[in-house]
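All chains are identified by letter, namely A, B and C, in their written order; residue positions are counted from 1 within each chain.
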Amino acid sequence: MKSKILLPILAITLLSLTLVGCNTSSKVQENKLQIKIAEQYGLAYAPLQIMKEKQLLESKLPGIEVSWRQLGNTTAIREAMLAGELDVGFMAIPPFLIGWDKGMEWKIACGLSTSPIGLVVNKESIQSIADFTPEDRIALPQPGSIQHILLAMAADKLWGDPKRLDNQLVTLDHPDGMNALLAGSEISAHFTTPPYLFMELEEPGIHQILDGKEVMGEDFTFAVGVTTEKFYEKQPAVYEAFLEALAEAIKFMEGNPTETVNILAKAYQMDEAELANYLERSDTTYGLEVQGVMEFADFMQKYGLIKGQPANLKEVIWDGK
Amino acid sequence: MGNELIQLKSVEKYYQGSGKTLKVLENINLDIQQGEILAILGPSGCGKTTLLRQIAGFDHPHTGNILMDGQEIVKPEVKRMMIFQDFNQLFPWQTVMQNIVYPLQVHHVGDSVRANREIASKYLNLVELDGFEDSYPHQLSGGMKQKAAMARALALQPKVLLMDEPFGSLDALTRLSLQNLLLKVWRETGVTIVVVTHDIQEAILLSERIVVMGQRGSGGIKRIIPNSLARPRDVGTKGYAELYEQVYALLDV
Amino acid sequence: MNNESYHKLKTRLFWMIAILAVWELTAQSGVFPTAIFPSLLIIARALGDSVVSGEIIIQTGFSLALILQGLLISLLAAIMISSLAISNKMVDGLVDTLVAIAHPLPGIALLPLIIIWFGTDTLSILVIIVHSVIWPLILNMMTGFRSIPTIYKEVGLNLGLNRFRIIKDILIPASLPYVLSGLRIGWARAWRALISAEMIFGAVGAKGGLGWYIFKQRVFMDTPGLFAGLFVIVLIGIIVEDFFFAVIEERTIKKWGMS
């Protein structure tokens, strides 16, 4: 009889230990110099590629262990950071704010880039978002993405209703969205960034009806670098070195355009001439300052995507004012 | 005689084995009389089941003809109902009643469901299975299943009932009671019955004539023995022992 | 309810409560932030909110309607295809080959191809569901047809049934145990494929299903909401497995003594 009760108790204990174990196993030795960075694909993240290839961080802090992880999308990066698997992630401001609002212990460390974001359509009849019929479907990466927020801002401006177009959204990642737009059967519009934006605009019958900067009314940072509180507090030296290395990477890009194209073309498996052309055409700019956080936060709270709102930049940016 | 229901003329059937040909049926000539009970008796593998299946229309002779009312038998038909040895010949997804009513519906025997149910009840009563109308086959004993199968066949009013060792899997007592039931059914309906068996006693108790077949591979009828013992019969009936001896000797077991 | 299933239910309940208790204790211990490990109360509240707002009900209904359509289409198609296959050797060979090719392919692996061929509308999800269901169903149905005792067919022939009646009134009921287990496998595969497809496709407007609901909770980092979605998935799985299929079996093959 005794063992009949004992066995389940043992099982429960084991179950609990496994759960707790999930957490402790991801803890690492904290006195060792190391950093784990998530990279994403796209021109807006180019300085990270330079930093990686030129080993800028390694030369600043000899002996540091830098690991780079490729993750599919912003949500995955956010989840990896939540699980403590990543120290630094790059993403747009809205997904950062959603995590911040949900109590994630993280803040913005730096800006990275500004980027054109455009809403392109494949119908001559659509000249502005006012021309969308309820049948027109708009593809964008996911709800809560910067594209979604910008579209909601535009809808808010035009109709005073940010949710007006929400029922017409289709969630597709950039390559699928481009295919669907060019196929032209189901998707009327695609909200995207370079290089997809440029590739789409090169096709006949495709034109742009909305631009991110127009909607915001001012420049805003497209990609920001976000780090966890744990990393910021426990590894101040690495944190500083990381920012310096990033600044150096940006400076390198300005000073060595040929070698930059070289490195990026290899990393992105693109034709050098094509890449150089994109880099030249693109309004993508690189820099560490952060713009637009409060504007996004104001709007997202009004829209109901976040509940709280940062009282000042200090709450969302490390070393912010 | 002139009262033949079914005629088998020079029926032959053989299987091509490894290098040699096995004669299953060889030069079978047999007339089945209207209204008789004919027993086909033989050791297992002698071809008696094949013969019955050919009469039913499931199987066909390589040479020779099988005629019913002068017509060549080409496929199974309702006028020749087969009763198998296997208890699972009832459809398990139908109740006993449904099993009997279903073919009646298919052939529009009665002009309504009710009429068909009445017909079915009549035959269930004939095989003494009243009260089990709503049972599913798996709830019945082996003997009851065979009774239900008989009721299903009889309800279609076939001209001949072809029975392939129908009671072979039953215990001795149940077998006896079903044999008596079969005789009662025969008396009341007058249906012609061909019953295949390897049980000498069963052949003697039931039949008017006994067709004795030879060993496996010999492929033919050894002899057709008339059986005119007085009914009701049992092992004590006058002439039983002699007939048994005669049949037994022919089987050379 | 018989003794055995009562006992099974009791053990099932015991372990459910035990798991929930461990869950709650872990959540209350504060080892994990709420965003990773929310307490049951918070999850229940999230579920309650979604039910009250009707969101999760509409999206669950949407998913169930899709899967029901898919199951129905697959069942009819499988019956037709299997019937053709047992009546004709050439068709049998074709079906056999098709099953061999298509059965091992997970529906979700076909997603890129399905987007190109059928777009991103609900039609595509339906195609994935049908793909997930139809092959195991045909496979089981053919096995069922082939394993039917010849005696049923012979009795059918003797009773003068035509080919259509033999299929409808004999082959199908006689292979029902196989059809049902095919449907069980098909349902499980379809349910998984549906949720995954919905999470990848996203929604067309408001018409997203349960997978989309979960994806949305993920994107907006609503972990309690995420668990609420998972809870509904589990609940539906249990209802379909333990009640829907169990009741059908109770009323057919168990009653007929065929299981």
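Just so we're on the same page, a residue touches a chain if its C-beta (ideal position, glycine included) is under 8 Å from a C-beta of that chain, and two chains touch if they have at least 3 such contacts.
Predicted model only: the values in this text are computed from it and were never measured.
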item: Chain nearest the global centroid, as defined over all protein CA atoms shown; value: C
item: Chains linked by the largest number of contacting C-beta pairs; value: A-C
item: Centre distance in Å when subunit B and subunit C are each reduced to the mean of their C-alpha atoms; value: 48
item: Inter-centroid spacing, subunit C versus subunit A (mean Cα positions, whole Å); value: 36
item: Intercentroid distance (Cα basis), subunit B paired with subunit A, Å; value: 83
item: Sequence positions of subunit A contacting 2 or more other chains; value: none
item: Residue numbers on subunit C that touch subunit B, as the complex places them; value: 149, 151-152, 154-155, 157-161, 165, 169-170, 173-174, 176, 252, 255-258
item: Residue ranges of subunit B touching subunit C (in the complex, touch as defined); value: 56, 58, 75-78, 80-82, 84, 86, 88-89, 91-93, 102-103, 106-107, 136-139, 156
item: Interface residues, subunit A side, partner subunit C - complex; value: 8, 12, 15-16, 19-20, 23, 75, 78-79, 82-83, 95, 98-99, 102-105, 137, 142-145, 166-172, 176, 179-180, 183, 185-187, 305
item: List of subunit C residues in touch with subunit A within their complex; value: 14-15, 18-19, 21-22, 25-26, 31-36, 115-116, 119-121, 201-206, 215-216, 218-223
